[in-house]
């Protein structure tokens, strides 16, 4: 899946942009719901810290739940974008109201809570689950694509979505074809995040270090995670 | 601090209730902002898993950011309550609008985002920072209490708060005296969480396992965190 | 109905807690819509005043519309909880979004308006009417239970409610069985209110007397209601 | 005060319109906060029932809290308007954001809760209390007018209110002069309610009897209030 | 269509009120969506400026999108009301939640955006399109009325609308009959705007000239529109 | 001013991107409030139509009020972005809450209404006016910069803004220096719009033509504006 996401990112990236894919060294193989979200955080932060050490220009969190984006913003000097928020903001620029089609129903509340936090709930007509597990997206024999397409159809016809955001990084390769099939923009958050990140860098904007994303205060960390202790 | 929190909890607990305090075995010594929040999660989940194995009746997360409450709800059979939400819900029962006085300004956005997610933003007139670091609360020589009291005064006079929620578990012992001083209820989330948890248990309510908090799906976890892999 | 409600309350109450049921001495036999709500107020306030005189520790308003809770809070020294708000707050602690199943469609707007005021509208997916009149709940020959159960089923399947709050005190005895039937928590506001009240008392929290719930100012009252005049 | 309000109403009423002032036959001499609100309801409903019997074209509730408007709508065939909502809706037609200046601070939460219910919170920049008691408005020796004027000044300068709604029927006679003094529209709800009521009648609109305001169901009422029992 | 709208207005107007219908001298023959909205503005402003010169008492914008109401308020001394907002405010006085039935689906987002701006989104259960083009309403052979009626039926049964606002000036003549057919108030914005305007004038309220609607600053305008330059 | 804006845009644009500045051929010299907004529309639409004929890849509306963005989206095949929304979305990616500092107080309500429509009101702590007229920004002798800087300071200290969006295209050249001065990101909407537009183009996203932004229906246009009639 990392390869597929990296390929989707490279398709969009400018010539001068290098995509450095990173798979988390610890934690869940896929993120489906709040438990996986929580345990994905150290691996994500570890990857961000490594990339910071290599002075990257920005970090993209390729999980539609925007897992760990807030923590990564506190840690990193470079800007951080989650693919969920990337998709929502881009959708807001091309339609009045958008829909979201995600994987499992347990992810719907996570996405709804994010939309509430971002202020964009009113722009989203509905978050729909296709009941496709993340790893099924890797299996060519599954009918995952058909189920996702059916749900997009319902978003357009029943919810009057003017655009549809695909709610999983693993759907990145489907966006263009599904958009043509349904006659509305179908939006992949990975591509959007790459474009937004290039934009932030070009404009010269980085995360505000006043308030929510101030650098972590130096303090001891215990046990298994002692290596994560901020040095201030 | 664990001892102080446990003492505050025991003051409120019914005769038949046993408080089993647990300090996280890994992660930050105190939680101040999103970075600490993220790295506190594995330790919290580990503690919840251990307590589940001992068949406790409920779990209280004694961090005002309600760190990891969602993940713990997905993991646990028993109900889970965060002290932040506990304070907000109780405050909603005794006043029209409440204020919050927390520690550092970096915690304000975390709390505001939670209020948005819970739907209670409109009930909260303002989240104020006292610029008291969490561990300063342990230091008898600091003027932490005075600064917190000053901020409560502003919440009452300037924001017209009818009740004030103390935004840190480490302030638990101050609530009663500050309430008398200012003539409005001053609310400690630890006590509220104990009371709400006894209530849930007595009513026989546990976390819904349909939707957001469905049990984690079985899947492999990698590296340092492989021990957290759900077995389904 | 008072007996049924008292029984539901006693099932939940702690050993040291005495439930003192009171039936209003004046006003409607049941509350269905805004007109009944309004005329239920003097009887309710009268009952609260009598209970205050007996120095009770708290008052529970066993009408799902939370009729008169605000007035009772202004009058009483002891805390006051309505069973509607009790159910909503407890539901918020065990699921991402909850549904409500009430009696008649005329009660839906009352409940929706309350959810707006409490700030919890976004937590409630939908308020559904079962078209069961309050007093039908007393009639063993009616199919009330079946209609309520059908509506709970729709709340879970169509609205994706993770928990369902029963929107009438007269449904208190059905909660547990309906919960088992539908595989989600089904919540009775009476039990929740008892639990929350015990919690407030244990924590030592009473209604804020600054602002909305300041004690009524002394003034003359005329006619039939002159006995209600506050003496300040 | 009834005379003053009736005079304000007559100033605005069309030639063909007769204003029939009614003072409640029971309950509080003035309404200041939730307790008075609750006990004002039977008297209000009684007055509405009498007026219905005389086939009036509409009912105006001349209390800024819009006390009993919902119940009156359920009872009456003719439309019902509260002076609070009248002022808010009219203000919304002549400015982007309005302020409210009311009497005592205990009325602020009542008004804020109404704005939440009506959906107009976002249009109101702030509800301010002038700390003038309702009956002080009758006392020529008081400095009530000066205090109200000062608060209007703050609403304009500090809150950027483009119009100010006077939050008490007893202020009806002050609106025009205060508006000239401050250079923004100062709005009296009594006048607005008369104008809106004439409008509803002229357009031929009456309260919807489907849903919230369906006629009260026939049922027995007990005790002091048995005379209020709806006959269906 | 201007004639039909003027007739609807005159039906409601008081004896002393003269309706001066004006058809825009430039721009689209009908307004269907944002493009027509934008190009309707100069013609609308021109008409308002002419009417101001004739010292009218108020301006009604008879397009349900409330096109140009904000600009007209800045320009005019006399109050300005759009028929969309007029319908929404009146509907709010006679029912808990209202529905809207408009012409084409492209108008739905325009109306939803207005409801958001006015603060009344929560009062509106749903904006429905009947797929009737504006000019079809002029064609006696079309089945426009039947399609509008069908959509009103759905608003009442499926959305639980207690009143329905007709979302186009061209439907003004249908309101009364459709209301009788469906048993709920069906509301024509033209009539409501006339009634509200008479109300504002009678109360003596005009647009606030502080803030959003301050008179346009003097400045040069170029080209085709140079005649519109404000002289300050 | 067109030159200054074009220069700001070119500073950010990628190598392969050509910025084609266009000054409106008709309408106001600057946009300050709703009246100017309305009369700026035909000139804006004319410019967009010309650019469409030249097959540009996207259109940027360089007015912070996002004047005409909706109409342009309906007209154009290529995506359209306003500099106001561009600034808001970018600010949302680098801070929890942002402030806006604009020119005149009459522009504050326009911007607030846009934030409401976009759903981003909750992300914006406050829109502040610096009382600097748009054309003053061109005058080197004015103290415009100092007044803007003072207002940014208040946004940071008093409103706790973590980032500040400059509310006028004419401030584009000040962003970087003001950001350094105040220690928070100060955001220019022109640069953000260029970056977002490049992003949309790169991702291959264009305005949804289903719903709000469907192509204008063919119909006659009258008078001065007959040339704008859509041919369908």
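First chain written, first letter: the chains are A, B, C, D, E and F, and each begins at residue 1.
Criterion: contacts are C-beta pairs under 8 Å (C-beta built on N, C-alpha and C of every residue); 3 or more make two chains touch, one makes a residue touch a chain.
If you're wondering where the values come from, they're calculated on a predicted model, not measured in any experiment.
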Where chain C and chain E overlap in contact partners, by chain label: A, D
Neighbouring chains shared between chain D and chain F, ordered by label: B, E
Between B-D and A-F, the pair joined by more C-beta contacts: A-F
Chain B and chain C: spacing of chain centres that average the CA atoms, whole Å: 27
Computed distance of Cα centres, chain F from chain C, in Å: 50
Interchain centroid distance [CA atoms averaged], chain A/chain E, Å: 42
Touching two or more other chains - residue numbers and ranges from chain C: 73, 96-97, 105, 108-109, 113, 116, 121-122, 160, 162, 211-213
Graph class of chain-chain contacts, one of line, ring, star, complete, other: other
All chain pairs that touch each other: A-B, A-C, A-E, A-F, B-C, B-D, B-F, C-D, C-E, D-E, D-F, E-F
Residue ranges of chain A touching chain B (in the complex, touch as defined): 24-30, 32-39, 41-43, 45, 68, 70-71, 73-75, 105-106, 108-110, 113, 116-117, 133, 135, 211-214, 216-217, 219-226, 228-230
Chain B residues within the chain F interface of the complex: 105, 108-109, 112-113, 116, 121
Chain E - residues contacting chain C, complex: 96-97, 122, 160, 162
Chain E partner contacts - residues on chain D that touch it in the complex: 12, 14, 73, 79, 81, 85, 89-90, 92-97, 118-123, 156, 160, 162-163, 176, 183-185, 187-188, 191-192, 194-196, 198-200, 202-213
